[in-house]
């Protein structure tokens, strides 16, 4: 398969629409969560206003790595989003490898971490430290589950996994335990409570974000929205069978994100070592059990 | 040109360097640069034309793609590190000896790679061990050298025992022949395999033999640590690949029970690799000394390499080979950057440093690229090898091993980020206000090494093709496949240039957004959020010490293998004391008495 | 360099109020910490000397922003005892009503405030919303939402409005019915338990060492050390209520006691409303001008039980129209200053903000 | 003001104090509150004695400025939670040479109260070095503010810019206030 | 320049809080069984706000998209300098729900757009406030709460509290009341939004223009703004 510039543009279109989608969805969720808290909440397009306002501000910079890290972060996440298969729009079919997702995503995270540490604020460093520590928690169970999935499905391409699910049933049915683990890990990835330890405003004054303002913060917000889009899409594609058409995909997407937001709103925040111990108690055990069920016994396949 | 010529030339030149250095430090140091570079150029130019034909007596050599691959890695590392030697001549106790041993160890490694029979291999193996053993105490600690030597000697003994065992049974020292012959008798084959593997384990720093590695790497002279980590450790990998594939161990052990598609013995050995990954990762996260941190990361990476080799799968072996290449380069680069920082500031303790990016930006970028590779993030070589290894693991469905590998992989983000954040970023300490960028002679090799890492991360195909060649030479039925720009795995394809292209595309988009938005105002590093309070001491606002404190606390009370070894050492010492008490005391009567008693007992036994 | 210096406040989301904690942190453990007060220092004690007794009524609620009524009570009580004025029975009951409503209000704020450090913002939204209804009651009774200036020497400023009992009962019923929900949200929530149980211990000997009073003392010693019981003021000896106590003072227990005190306060208010006597709500505090009244010469320490412990005014009068000297004993003085210096080291930075919520530290009353 | 009280423990305690120390005067303000004027030399022993007898809490340490008599009156406020009795010890010290010995070795909680008294009145507590530093104020450049001879209004007028109004509210004869 | 929003004649009240019902009745929906039923007051915003603007202002309004975004996404700094802050949680949370205006609390000055000076300022706070204000990224707005920021209020004769805040930092808007009720706070914020939309909240520009003057005043009152003392080193 040859790759043309059109493919790049279409893929960028996916990333851009993903951003717009997630920004709107999170606006809607802010409104619904506000109802849980007995209030009206902001307009659904408030996040757009926030982002554009930030891009308009006259920001400060702490040196070149502070700026470069932000650009790298956004670049990594845009790149990851360009690989994301959305329903039947699959641009780089076959190359949307799961491990590419995991590690290309890490480029963005590394960029942000670097930029945050480059700001020279210890609170940012501590925040980054917590974010990385948390990563050790949630990535491992998630990757074990997906590894077992790849083993039984014989492909690590996300779009191929979606196709298999469209044909033979969702992985939610095939591996219910794995889906639960995946959801718990998704909460960690999204940084939803109780796993928002690295932001923890009361302790770290918003952690890695502590020095950001203006366009850098705006770009990180864009990055955050796209990252959320990638993560939720990954979950939908891996466990909920993606979507045969856009609408189905969007419905699943909306449900997953809203569910994660709702759950997070009635939970407190863990401390960082509690996060790691939590993931290394139940989710990893469940993940191993699920992997054993799939790989050794072949149940559900 | 033959291998023998090159090796002899290296040995001769190494002694010559000693005297040159005696006359003039700098000239001696530059000689090492010229010699290593010349060797690299010869190897690259001659390529496959190198021959092992000429020989002196038992000194016979054979040229294989595997040996060529390893020696190229070794020569790249050696020649690049050699650039640093001139700057260290003043700091090292015996510059002449250092330069000599430097070249001698290179000769030794090349000898090991191309040796045709086990005896030659063993001789050169010992040359490497001795040469490096003498170099290590030029740094900070003598104990490190002792531990290294004790460990290596143990490995050498088992290696030698295996060689003689094979010789006793099959009457040949030639590697290929003796291993071929051993195939017939599973017990001997397995015994020889394990005995030789022990030597490999020790060199590679696999648990439980990993303790020498951080001690030696951490305490060796700053210029020699990259050689140890990037070069000499890989000797173990070479030996492991050699015996695993030439035997091949999977065929020998095919009668055993299988777990996850591999024989139980292999699985157990892989567990050692897995433990190394976990131990290396956890210990690396704890370290405050940047060199020790990188040394423990070598332990963890040794685990990956071992698992990749033992999987005995064309993707896994290719992954392991690329990992050896990638890690050798990246680890050497990282060690070199630390050496550069140490050259300018005189310390490698991260908590004593900070904000070096403002003084050493190029060094920072080089380090950044090295750690991206070490963490396995695209677009660097490390990603290619990790991708291949994960594919192979998924293929086998080994999820327990995979768990540790994922843990090590994510854990590597933690430990590689620590020097980045603590040493290079953050607040600049006042005492380092006058520090300058590393001298140009240091920057050149670092930039070249980074270039190599990046190049093979973006266009890995030539590398993968060469691993395919190695695999076919080692007798694999199926070799890793590549087409145009795509690496084809069993479970999916990897298009490395596409990933880079997309990243570059994203970068352009992000850059456009950044440039459109209003320009930002530059502020000082101490003009930062302090909750409104006032602070003027940069070192008080730099999170460096106990960086991962909450995470470290989780495994604070871990069982410590060092304690076990310490207990062993204590036992040996006690035994030595007893011996001394009996034989070397002021009253020889005690010794005489003991001997008489023993003799009586022996004779008694004979009579009975 | 092993230590870094972190600041909790003055401009920090974890800090309620305007004060700063300077922490020397190693890893994530606090090695050394100091409260830096004085950001809210207004020279209260000096200003009170410069104003007449009458003028001071407007000034004193501002000593503690979150719980102003105790100031009025202290001030009024002190002036009355010095002047040997007997306050009408009705005034006592209304005072109890106001004080208990204020107690509920600050405990609700505190229950919501725990959402800040632990990230449970829903609790914050709920509690603030419920608290706002109490502020409505205050507005109906006194005309003000926060600073009421209602309890004045000689009684209360004016009588209760018609029909207020209905509103109070309705609101309290509502709040009481919502308390189990708070219990589910905060106390039965596993994530919250993991954050609060066993954290920020306050052993009994520490209590005596510091001089902590109020919930901190009661949760550690297990004794009903409550001024309302020990030295009853107003008519607290005529209403039935229990003082919740505990012997294991961690963050969780202290929050739980606050919650239980809300139940008790509601119980007191019910009794107060039932037994509300008839009559005038106030008497004249002294002879002479209505605005420039005087207080007899003398010194007195007038203390009441605030939500954070013993809150007192040491009042000195020289018989003039202004107080000669008023010294305020802020209830959170011991845990705020000495507690942070001596007992905060060893805590993790994650738990540092919890200190302020569960120990009950009110920075304006420390600074004055 | 009462001269005796019926509350259990109070009278006995007062009698004990009178027997042991140089008590100048005892006043009962409320039935649970006794004000005891002590000679400054006896204060530490008296406090030690009281602490041993149940008065485990130091409620406050404060100070009153009597410029006409040229004295500072130091107030030590202690409380017995189990009985509900409160004793307030008052000692007089010289205003010009305001020195006193710290009580932090008896009541550790006095540390910051003493610091506050030093900051606001200028009383030096020997043995409590930390009390010499500023606590609430920052870069204070005048008399200790709670002394009677410090005029806070004059200080404020001198130091801070005041908003100018067209009318003076305090005195008669100003122009009528106009909203702009 | 300082502006008194509540005196501006050409403005209509933007938020009408429904208080027509007797205060003795609890708000409806408060204790209903439905947990997610909001009990925030309805906010009635007049539809066409631009009808009160002069032609010049209207022109400027359409000119600048940036102002629109700045106005409708005001992030405030979580900094309570004095007692007026006690009503902010009420304004923020369910009853008055400030988030409807796109406002929200932010942790650090870098992120924030508006600085709320909630009441009196002691010298100690003023130092930190100026430092914080200078750390904020532009455009930034300052709102003064209560009389204490205007003329010292009840603490006009205190030795520790400054009297006139606009001498030290530029104020864009004052909100009256001691302390301002949440309704007043919300109303004030709505006024601020209007001011920003027409581009008249220019305090931060004034701070640039008269930087020397502000610095001079700060120096007179504070001595040095960034202090070195026992706690800091």
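Points worth noting:
Letters are used for the chains, namely A, B, C, D and E, taken in the order the chains are written, and counting of residues starts over at 1 for each.
Please note the rule applied: contacts are C-beta pairs under 8 Å (C-beta built on N, C-alpha and C of every residue); 3 or more make two chains touch, one makes a residue touch a chain.
Predicted model only: the values in this text are computed from it and were never measured.
The set of chains in contact with subunit A as well as subunit B comprises C, E.
The chains that touch subunit A as well as subunit D are C, E. When chain centres are set by their Cα atoms, the one at the greatest distance from subunit A is D. With every chain reduced to the mean of its CA atoms, the largest distance from subunit E is reached by B. Innermost chain of the displayed assembly, by C-alpha centre distance to the whole-protein C-alpha centre, is A. Of all chain pairs, the one linked by the largest number of contacting C-beta pairs is A-B. Distance from the subunit C centre to the subunit E centre is 28 Å, each centre being the mean of its Cα atoms.
With each centre defined as the average position of its C-alpha atoms, the distance from subunit D to subunit E rounds to 39 Å. Distance between subunit A and subunit E, defined via averaged C-alpha coordinates, is recorded as 36 Å. With centres defined as mean CA coordinates, subunit D is found 72 Å away from subunit B.
Residue numbers of subunit A whose C-beta contacts span two or more other chains: 36-39, 56-60, 122-123, 126, 201, 205-206, 210-211, 214, 271-272.
Counting only residues that touch two or more partner chains, subunit E has 35, 39, 79, 93-94, 107-110, 124, 127-128, 132, 157-161, 227. Those residues of subunit D in touch with two or more other chains are numbered 136-138, 145, 150, 152-153. Interfaces, counted as pairs of touching chains, are A-B, A-C, A-E, B-C, B-E, C-D, C-E, D-E. Here subunit B touches subunit C in the complex through residues 351-352, 429, 530-533, 535, 537, 539-547, 549-550, 552, going by the rule given at the top. Subunit C makes touch with subunit B in their complex at residues 1-5, 7-12, 15, 20, 22, 26-29, 36, 348. Residues 4, 6, 12-14, 28, 115-122, 125-126, 129, 185, 189, 191-192, 194-195, 348-353 of subunit C touch subunit A in their complex. Interface of subunit B with subunit A (complex): residues 260, 355, 357-358, 361, 364, 368, 372, 375-378, 383, 386-387, 390-391, 393-397, 399-400, 402-403, 406-407, 410-411, 413-414, 417, 420-422, 425-427, 486, 489-495, 498-499, 501-507, 509-511, 513-514, 516-523, 525-529, 531, 541-543, 547-548, 550-551, 553-554.
Within the complex, the subunit E residues that touch subunit B are 79, 108-110, 127-129, 131-132, 135, 226-228, 232-233.
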